[in-house]
C-alpha cells in the first residue's frame, strides 16, 4: 500500500504531469523555494518566479493558456486573489462565452486556503463560493491525498480555468512555514486522514464534479468540502454513538456541483446539514439549499459556516470555523 | 405631487446631503462630466477626477473615510470593481472586525449595473451577490426614484461601507451615453415606474435592510431586486388574469437581507420564485432558499436568473436576462 | 528597410472606410450600445501591424477594430459580430469590445489596461512554443495609470518578454484630460519599469513603422519589451454618440435639458464663487477640447499619407475603389445575414 | 535642523528590544502563525517617524510593529494583540498584520502594496480636514511591483497629496531576490510616476532623518509626494522561523527530509543538465543570501547609531535600562492578562 502526504501527493501528480507534457509551466511568487523540487527538475523556464504582481501574472496566465501552454499559476494564499481577480472574473471565465466557444483558457490557479492556525481574517479565507459564482470557473477543493493528486491531474487536463485550493491544515509545508516556523509547542486540529493517506499506485485523473459519499446514513446528510469534511466525519461518529446515522458527502468540487449526489442522499434522509468553511451567506450553503428545493425535495436544513471576518485569536478563531461542537449542535437542531 | 427621474432623484438626494455635510466628497473617473452639476456646485476639491486606477482610489476611499471624510466613490460600471475589489474585500469589509469594532469605513461605492441594452458580458453584470458575500459589506439596489434617493441618503449616513448600484435601464444618462448615443431608433425594455416616479417632498433616509412588499398575493411569492422587480410586477399582473395571485417583494438591499419579509410571505404562499439578474449559482437566489429552509418553511422554489456570461447579441441577451416569459414559465412550473 | 507607402496607405484607408461603414450601421441602429472607433489612430496601428506575421499575437482593448482589420480578419465576420449575428467572428457573443480570433492569436478586452498582462502571456507562450514571435499590446494613455498595465511592463522586462507596448495617446480618457490625472512622464515611467521607450508622432505612419521595426527586431532577438508612445487625435470623441461631441455639434438640441440644472447648481450654495468659476471653466474647456478634436483636420493620418504615395492618382483611385468594394461587400453580407435571421 | 541622537537611538533601541521580547514570546508559543519583524529597518522607521506628529497618518504593511512602537502606541496593547487577547490593541481580532490605532491614524494591511492607496486616502482626508498634515506609507521593494502601489504614487502626484512613500529595500521578497523580478530602476520609476525620489542608506538613521525632513516639509507645504528609497537587511529573514534561515542555522536537522526528494528531482528526467545545474545553483544562492543576512553584523542600524550618542556610557545604560523595563513591564502585563483569561 502506498501512502503519501497531502502536499506530497500534489507534487507527485504535478511532477508526473509535467514530465509527460512540456506545455505545463508553473509560475508565481517564490516558486523557486516553495516548489524547489519542481524547480530543480524542470528548470527556470518551466518554474518561473514572478514579481508581486498578481494582476499581471494571472492575466498573463490566461493568454499563455490561450496560446498553447498549460500554466499552473501559484497565488500563495487565495485571499490574495482579490488583488488580481479581474483576470479570472472578466477574462478567463468569459473567454469561452465571448468567443462563441471558439477559444478556451486551460489554466490552473493553485492557492492555499482556509484557517485554523491563527493568521487572521485576511489570510485564512476560503472564497471558493466567491469564485464559483462566476460562470466559467471551476473550483476544486480536495480533502485527502488521493483526491488531491487525482484532481490536480484533472485540473491540468481541463480545457478551461480551474481554481485548485489546498487547505493549509492539510498541506504540511504551509503549517511548517507559516504557522510553526520550526516550533513544536503549538497545536492544530489537523485531520490525520486528510494530511496523509493512501494513494493509487499510478495517478489517474478524478473527474471534476463528482462528489464522494464518505459515509452512509439514513437520518441526516452532511455535505461538506475540504477540512470540514473531516469535522463532519468526526461528528458523524459521535452521532452514531447516540443512535443517529449521519451520512457525509465530500463535494470535492464546488463548481461544477454534484447536485445529483446531494439530492439522492437528502431525498432519503430529509435532513441536510451543510458544513462549509466559506462565508455563510450567498455562497455554497445557500446554493445547496436551492438545489434541494429546486429538486422538489422537502427537507430540514441547517448550516455551519463562517459568519464574519475570521478572528485572529486562536480561541475565537476555533469557534468561528466549523467544528465538531457546532456541527453537533446544528444536527440536534434538526427536528426528529 | 413631485416626480423625478431615477437619476435625478439620486442627484437631488446627494446634492442635499453634500450641501449639509462638507465631509461628503465624490471621486472617480470622469466625475467632472458625469456629475457635472455636482462639480459646478461643489468644485474641484469635493468632486474630483481620478486616474483610471480603481485599486488606488477605492483603497484611498477606505482610509479617507477612516480619517473623517464620507467618500462617494464612483466606479462607472460595477464590472470594473473586479480590478480593485481587494480594497473592499480585504480592507473596507474587514476593518470593523480587525479593529475589534473600534474603527469603521463609512464610504459609498456607487456604480451602474445590469444589462438590457447590448453591451456584452463584461459590461452588464450585476455582481451584487458577489459583493454581499463578504461579511462587512452592505449592498443596496434601488428599483425606483423614491427608493433611489432615500437609500442614497442612508448609504451616505451608514457607518460602514455600502455598495450602491444603479441599474442602467433605470438611470437615463447611462442609456443616453452608453447605448443610444443620440440615436432614437433602438428600443429598451425600460420599466416606466422605475425610471421616473413620485418622490417625497423632502428626502428622508430609507433604512437599509427593509424590503418592500409591492404586491400582495396568496398563491406565490416573487422576490426580486432592481429592474427585475418590474418584470415581476408585470408577470404578476398577467398571472392575476389567470387567477393566480402572486405577491412581489422588492428586497431593495441584498445585504443586509430582509429575511423576515421573505419568510412571512412564503409562509403564507408556500411558493417562492426568486427573480434575480445576478448569476444563478452561489448568489442571492440560493441564499433566499437557505433562508426559507432555515426558517423551517416548506415551500416550492424556482429561480429565474442569469445562468452564463451574458450574450452581446440583444436577442440572446433578452433571453438570458430575467424576463416576463421566463418568470411566467417558472411560475407555472411550481405545482398547484 | 523602408515601408511600402501603398501597403500602409491601403491599410489605413481600409480601416477608415470600414469604420465609416460601421458608423453608418451604428447610426441606423444595426449595432447596439458602445462603439469605440480607431479613427485617428490608423497610422499607429498600421505602422505596428505591418510587422506582425503569423504566430505573433495581438492584445487589444476597446479600440480593437482597426488592428483586426489590418491584421486581415474577414470584414464581414467583424461586422456580423458587431451586429450580434450567429455567424459573426464570435458568433455574436462578444461584440465589438470582446473580439477574439484564435487563428490570429488576437484577443480583446473592455477592461482598461488588460491588454498589458494579455500581451505578456502571449509573449511567454511565444518564448516556449514560438521562439522569435512577439506580442503587441495596444492601449491608450489613460490606461497607463492602471496598475495591471504597469505591472505587466515590469513583468515583461523582468522576464525579457517579446512585447511591444503601444500607447496611443490622444490626451483624453473619455472626458478626462489625462495630464490632469497623470503624474510624471510616461516615457520615464516605462523606462523605470525596464522597457525601452520611444516617443512618436502617431499621425505619421512612417515614423511609427520605423520605430516599430526596431522594437520588433529587438523583441524577436530576445532583447525584451519596448514602449512606443505615439500621439493621436480621436475626431469622433470617445465613442459613437459621444455626449460632449453631441453638444458641440448640436448645442441647441443637446444643451436644452442640461443648462437649467447646471446653472442652478452653479449659482446656489456649495463651494465658493471662485471654485465655482473654476468648475465652470473646466466644463467649458471640456467642450472646447471636444470641438477641437472634432476639427482634427491637418492631423488626419490617412490624409497625411496620401502625398507619400508613389503611385499615380488613377492607381490610387483603383486601390480605393477596391477597398470600397471590399467594405461594401462585407456590409451587404452582414445585412443579408441579418435579414435571413429574420 | 539636526536630529536628536538620543531620541533616535532610544526609538531604535526600544523597537529592537521590543521585537526581541516578541521573538521570545513567539518562540514560547504565545503568538500564533506569521510574525514579520522590523529588525534591521529600525533606522528607516525611526528617521521617518520622528517627524510624525498628531494628525499625521501611518499606512503600514506586514512589518507594522516598529512604526507603532516608535509612534508611541502602548507596548502592552501591542503584545496583547499579538497574543490574541481581548484587551489587545484590536481586541485580539487583527493580529500583528492587522494593527489599527484610530488615535494615531495608523492602519495596517497584510496585502502587499495596500499601504500606498491607504496613505493616499489619509492624505486626501488631510487636504480636506487637517491641512498641513501628511500620511506615510511603509512598504518593501517587492511591493513596488504591485500595481496598486504604483497607481497610488501616480494618484498622489496627480492630486498633490502629502504622502511620503518609504520603500525599505532589503533586496528580497520572501525568498525571491527582487532584482530578478524587477525591471528598470525604482527611483526612475517613482519619478516617472511624478514623485520626488531620493536614495538612502537605510541603516543610517541620520541620513534617513534628513531626507525625511525635506519630504515632510514639502508635503506639508503642498509640494506633493516624495519617494524615499532606503536599503536595509533583515537579519531574521522574512518571518520568524523563516524556513531558509532554519536550514542555514540548523542544516542537519532541517535538511534531513528535504535532500532526498530534491536530489531525486534534480537527477531524473525534466530539463537539461545545464538547466538543472542552474536551478541548483539558484537554490544554493538562496541559502547563501539567507546566511549572509543572518550575519548582518556591521550594517546593524542600532549599533551604528551608538557611536553618535553624545551622552556618557552611564547615561546610555540608564536609557537602555529604562527601555528594558518598559518592555519587560509590557510583557509581564500581557502574560498576566493571558493568565487571567485562563
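In order of appearance the chains are A, B, C and D, and numbering begins at 1 in each one.
In the analysis below, a contact is a pair of C-beta atoms (placed from the backbone, for glycine too) under 8 Å apart; a residue touches a chain by one contact, two chains touch by 3 or more.
Source: prediction; values computed, not measured.
Enquirer: So, comparing C-alpha centroids, which chain is the farthest one from subunit A?
Expert: Relative to subunit A, the chain whose C-alpha centre sits farthest away is C.
Enquirer: Sort out for me whether A-C or A-D is joined by the greater number of C-beta contact pairs.
Expert: The greater number of contacts lies at A-D.
Enquirer: Quick one: report the Å distance separating subunit B from subunit C, using the average Cα coordinate of each chain.
Expert: Averaging C-alpha atoms per chain gives centres 33 Å apart.
Enquirer: Give, as an integer number of Å, the spacing between the C-alpha centres of subunit D and subunit B.
Expert: 41
Enquirer: In subunit D, what residues contact two or more other chains?
Expert: 90, 92-94, 98, 109, 111, 145-148, 151, 154-155, 158, 180-182
Enquirer: Two or more other chains in contact with one residue: find those residues in subunit B.
Expert: 45, 50-51, 53, 55-56, 79, 82-83, 86, 90, 94, 97-98, 120-122, 309, 311, in rising order.
Enquirer: Name, in rising order, each residue of subunit B that touches subunit A in their complex.
Expert: Going by the criterion above, the answer is residues 55, 79, 82-83, 85-86, 89-90, 93-94, 96-98, 120-122, 129-130, 132-136, 254-255, 257, 272, 279, 281-290, 292-294, 296, 298-303, 307-309, 311, 335.
Enquirer: Which residues of subunit D touch subunit C once you look at their complex with the stated criterion?
Expert: Checking each residue of subunit D against subunit C gives 145-151, 153-158, 180-195.
Enquirer: Please name which positions on subunit D make contact with subunit A in the complex.
Expert: 26-29, 32-35, 81, 84-86, 90, 92-95, 97-98, 109-113, 142-143, 145-148, 173-176, 180-182, 239-244, 246, 254, 258, 261-262, 264-266, 268-272, 275-276, 278-280, 282-283, 286
Enquirer: Flag every residue of subunit B that touches subunit D in the complex, lowest number first.
Expert: Touch list, subunit B to subunit D: 23, 25, 45, 48, 50-51, 53, 55-69, 84, 86-87, 90-91, 94-95, 97-103.
Enquirer: Using the touch rule from the top, collect the residues of subunit B that touch subunit C in their complex.
Expert: Touching subunit C from subunit B are residues 15, 18-19, 29-30, 32-33, 36-47, 49-56, 79-80, 82-83, 117-123, 176-183, 185-186, 309, 311-316.
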